[in-house]
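Quick one: this structure, given as structure tokens, is what I'll be asking you about.
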Amino acid sequence: MSVILVFLLVVVGFVGWWLSHQRLMSKPWLEQGMAGDFVALDRSALPTAKIGLGVFLAVVGCLFALFTSAYFMRMALSDWQALPLPRLLWLNTGVLVLSSVALQCASVAARRGQLETVKLGLVTAGITALAFLVGQLVAWRELSTEGYLLSSNPANSFFYLITGMHGLHILGGLVGLGRTTAGAWNGARPERLRLGIELCAMYWHFLLFVWLAIFALLAGWAATFIDICRQLLT
Amino acid sequence: MVDITPADAVPPAEVGEMELYHPHSWWTKYVFSQDAKVIAIQYSATATAIGMVALVLSWLMRLQLGFPGTFDFITPEAYYQFITMHGMIMVIYLLTALFLGGFGNYLIPLMVGARDMVFPYVNMLSYWIYLLAVLVLVSSFFAPGGPTGAGWTLYPPQAIMTGTPGGQDWGIILMLVSLILFIIGFTMGGLNYVVTVLQARTRGMTLMRLPLTVWGIFTATVMALLAFPALFVACVMMLFDRALGTSFFMPAIVEMGEQLQHSGGSPILFQHLFWFFGHPEVYIVALPAFGIVSDLISTHARKNIFGYRMMVWAIVGIGALSFVVWAHHMYVSGMHPYFGFFFATTTLIIAVPTAIKVYNWVLTLWRGDIHLTIPMLFALAFIVTFVNGGLTGLFLGNVVVDVPLSDTMFVVAHFHMVMGVAPILVIFGAIYHWYPKVTGRMLNEALGQFHFWVTFLGAYLIFFPMHYLGLVGLPRRYAELTDMTIMTESAHHLNSFISIMAFIVGFAQLVFLFNLIWSIRHGREAGGNPWRATTLEWQTSETPPVHGNFGKELPIVYRWAYDYSVPGAKEDFIPQNVPGSFGTSKEPA
Amino acid sequence: MAVALVLVLVVVGSVLFHLLSPWWWTPIASNWDYIDHTIIITFWITGVVFAAVVLFMAYCVFRFRHREGNRAAYEPENKRLESWLTIVTAVGVTALLVPGLFVWSRFVNVPSDATEVEVVGQQWQWSFRLPGKDGKLGTSDTSNVSAENPLGVIAADPNGQDDVVVEAADLHLPVGKPVKMLLRSIDVLHDFYVPEFRAKMDMIPGSVTYFWFTPTRTGTFQVLCAELCGQGHPLMNGVVMVDTQEDYVAWLGEQQTFAQLSAPQQTGSADPAAAGTLAPGSKISAKLETVEAR
């Protein structure tokens, strides 16, 4: 359970930092009247939707951290046999990076008001994300034809489970991206469109990060990394 | 005294007006409504309905335990299905849904001075997914093989094997799917509750001016958002084990003389994941109760809550600590015994902030002006049962004391007292307290008195003696307590007594339900602020509050939520949105 | 008035119930009276706190109940009082924790002279294995379990050949000698629990858990399963008999070793009781059917 505890420690650190700016030591019964002096405390300047997405991403991060924890705990048992990762995953990684970059471009273009670039970026991001999903499915097929079936070894089970869970999140993101893209074509208000694109970009970057972490985990680098850390500590 | 600006110099609300959706038909107004208040009532009604099912199940269990051999239809198989569904419904589908989905939805926007939740559409989806989860759960009663009988902890490997009811039928699958749906739905709602508190507070409502109810629900929601994923992961992995033949949790097993396909999995892994959710879950239920009861006591004792800052810190501290105590449910699970030292220590540390909260509640009563209204009675009863249940927690949390007591009736008595009876008493108190706001009418006082006394004393008489059955050593989850040398004749009598009390207490809840329905039309008119309370929900221009909560302009907050009996003020309460200072609020020595 | 009175009655009633209750723990039969002492300490501390809090509350309700013209005091906080209460609580909690941890360390550290006894749980019966003359238990694996080898002992391990196998029958232990119970399960979670010994521990398929104790008096004690293990859970009883040394040796002499049980010529003369247990749990299954037929 160490991975999830580290994750929670990060969350607690963030929450603690935020709370430390909320004057939790103040004595509210002595402060009557308008809270004019601390109006900045009232709420964040960020759009509410972004904060909402941020909270949601923390939940998603928690989910994957838990899968990782379970992965390491199950890995320690004797019947674990790592499976060879298909080379295709490298290509998929590249495609997903491309998708993230395209959305970032769209986001920058939206800030500058270049609608054509925005549309191009959105469509590229959508297509590359779809390509990533197809690539993942092909990788699954490849593995299963080579005999690495879901239930034959826990390493396989985790591979399918975690990549599947990540794929589902991308799929969910595609719904949001689809709506934003439709908005770009149907002439949504610029600030609304911009917010939508920024939200998509945030989600995409996060899922890219999650994918890189998963990749490292499934390839066994994460385990090696933790071993090195442990040796350094002892 | 810090008087920051003169009252009349206040500019109008600075909060950007949110785009309220406008319902166009009866359907979008009352059924597919995006108004948090309607959603709150939908959540509450659904939770109450499914909770009644769980209540009936508990009666059936008590029939079997109190009068063994008398009721033929309660087979061991049925008994285990009853306890499983009773536990799961009460903990997740009733308590969690009612506190967060019900009270959270109703009170958060009103108390922080917001027009609605920040993502109303997602909020509506949250309810409908919750309803779907409940329906899936209910459908397992009608599935072949019936619902699962694995106990609410759903421990593998037995949960997915033939020796357990529903293990190789539909029961366990429907249970897991229902939980997964619940978690998805809850996450949608939870995002709303958290972000609304963060972003939609009205002008002047700093965090330290929030009523403790909001603090409790807010912290509990944050915890739930981080804890439920653990249950989600556990459910998905178990679903894979059951449906796709993987071996996450399933070791090599010989079942009834036959080798199963699984190998190498770890049942302990499931337990870690489950309790990583399961322990915070206790506080997810308890923290809103802590918050609400603080407000009930303060309002009805006409006195500010004692040590507000300490209360806030304690809520946050308990919330954080509750993530590092989970394995105290696993002292005798066979995990590495040295974990016991760590988890016993963290568990007993958490007793300190919890105790502080209790002290502050009773110190709020000290030199108060205690109105023994029904909400106040429930709050007092909460303190009694919570202190009782919390103290028996010190038995079970102290690793070596847990060894003889774990898995006995002592545990059953403990957790029913601390997270069954205590939070439910708060729920009742809260309903008596806020019902006038929701409907505009008071609940009937006489029926309320009857309901209170029967529920409080009855529940205490059920669960206090039950601890002693556990001391004798009677294990929990026994469909029959007959074939045991330690089971004496007198213990049988005690069991029968407990069963009879359970029926009486259950009956009192029917009276309560009647009161809820009857008072909608026949209750005494309440007016806008019958309890003369300070918080914003009582200051709405209309009662019940209309869509958008507050009239044309959002209220502006000038003071904390507990200005009761301020020296020098004319009334014994000053609402949060009343400007200016009254008398002295110098800190007393 | 009435409310304050009821609160007082709750305290008085609870204390009286505690003192007069005929429901108390069974007379102890192991060395774990430390645990009983820790529980007594806990009862004292928690009892005092419970009584103090509720009586204080009752007093407040009585003394500060609403009367016409009353007004509450205004007191946002009192740092001194709160610090004091925190310190006192912390001290109380420490007083509970320290003896608890002390006893726990005794509980998890097995004395070196403890004899090993293996308990194997399955739906829904108990079997046991004791080391033979070599004093060592052979290794075992669930995947080896079969009708002839109900505990899954690995035949290739020479240590296992002389192990005494007690299948679905009573376990005997000598009085006054520490035993380390090695707990295994071949199907689901179970929990080996004898109320008189105070100790218990879950058994997990796929791994071996343990606890230890020293039986301190002779007698017959019932084994209960304390982890829900399916519908036969409440019927999963067993018997542990604590014998004097002579009785124990006599009993041990009557038992069969793994080698004897697995020798092919023995199967013909196996007694019917043993044949009856080849299908594990069949007795309970039959029992369950009669329960359902009621």
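By letter and in written order, the chains are A, B and C; residue numbering begins at 1 in each of them.
Everything that follows uses one rule, which is that a contact is a pair of C-beta atoms (placed from the backbone, for glycine too) under 8 Å apart; a residue touches a chain by one contact, two chains touch by 3 or more.
For reference, the UniProt names are A = Cytochrome c oxidase subunit III; B = Cytochrome c oxidase subunit 1.
Everything quoted here is computed from the prediction, not taken from an experiment.
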If I average the CA coordinates per chain, which chain comes out farthest from subunit A? C
Chain whose Cα centroid lies nearest the overall Cα centroid: B
Quick one: subunit A and subunit C, Cα centre-to-centre, how many Å? 45
Distance between the centres, which are taken as Cα means, of subunit C and subunit B, whole angstrom: 31
Identify all positions of subunit B at which a residue touches two or more other chains, and write them in rising order. 263-266, 304, 308-309, 562, 585, 587
Quick one: which residues in subunit A touch 2 or more of the other chains? 27, 29
Residues of subunit C that contact two or more other chains, please. 76-77
Per the touch rule, the subunit C residues reaching subunit B in their complex are 3, 6-7, 10, 14, 17, 21-26, 32, 34-35, 38-39, 42, 45-46, 49-50, 53-54, 56-57, 60-61, 64-66, 70-78, 81-82, 85-86, 89-90, 93, 96-97, 100-101, 103-105, 107-108, 122-124, 141-143, 145, 147, 152, 183, 186-189, 191, 193, 195, 198-207, 209, 221-222, 224-235, 237, 278-281, 288, 291-292, 294
Per the touch rule above, subunit B residues touching subunit C in the complex are 69, 72, 75-77, 80, 149-151, 155, 157-158, 161, 163-165, 167, 251-257, 259, 263-268, 301-304, 306-310, 332-334, 337-338, 340-341, 344-345, 348-349, 351-352, 355-356, 358-360, 362-363, 365-372, 377, 380, 383-384, 387-388, 391-392, 394-395, 398-401, 403-408, 457, 460, 464-465, 468-469, 471-473, 475, 477-481, 483-486, 488, 490-491, 494, 562, 564-567, 572, 585, 587-588
Tell me, which parts of subunit B touch subunit A in their complex? 1-7, 9-10, 14, 118-119, 187, 191, 194-195, 198-201, 203-209, 222, 225-226, 229-230, 232-233, 236-237, 240, 244-248, 261, 263-266, 269, 272-273, 276, 304, 308-309, 312-313, 316, 320, 323-324, 556-560, 562-563, 579-581, 585, 587
Under the touch definition given earlier, write down the residues of subunit A that touch subunit B in their complex. 1, 4-5, 8, 11-12, 15, 19, 22-39, 41-44, 48-49, 51-52, 55-56, 58-59, 62-63, 66-67, 70, 73-74, 77-80, 150-151, 154, 157, 161, 165
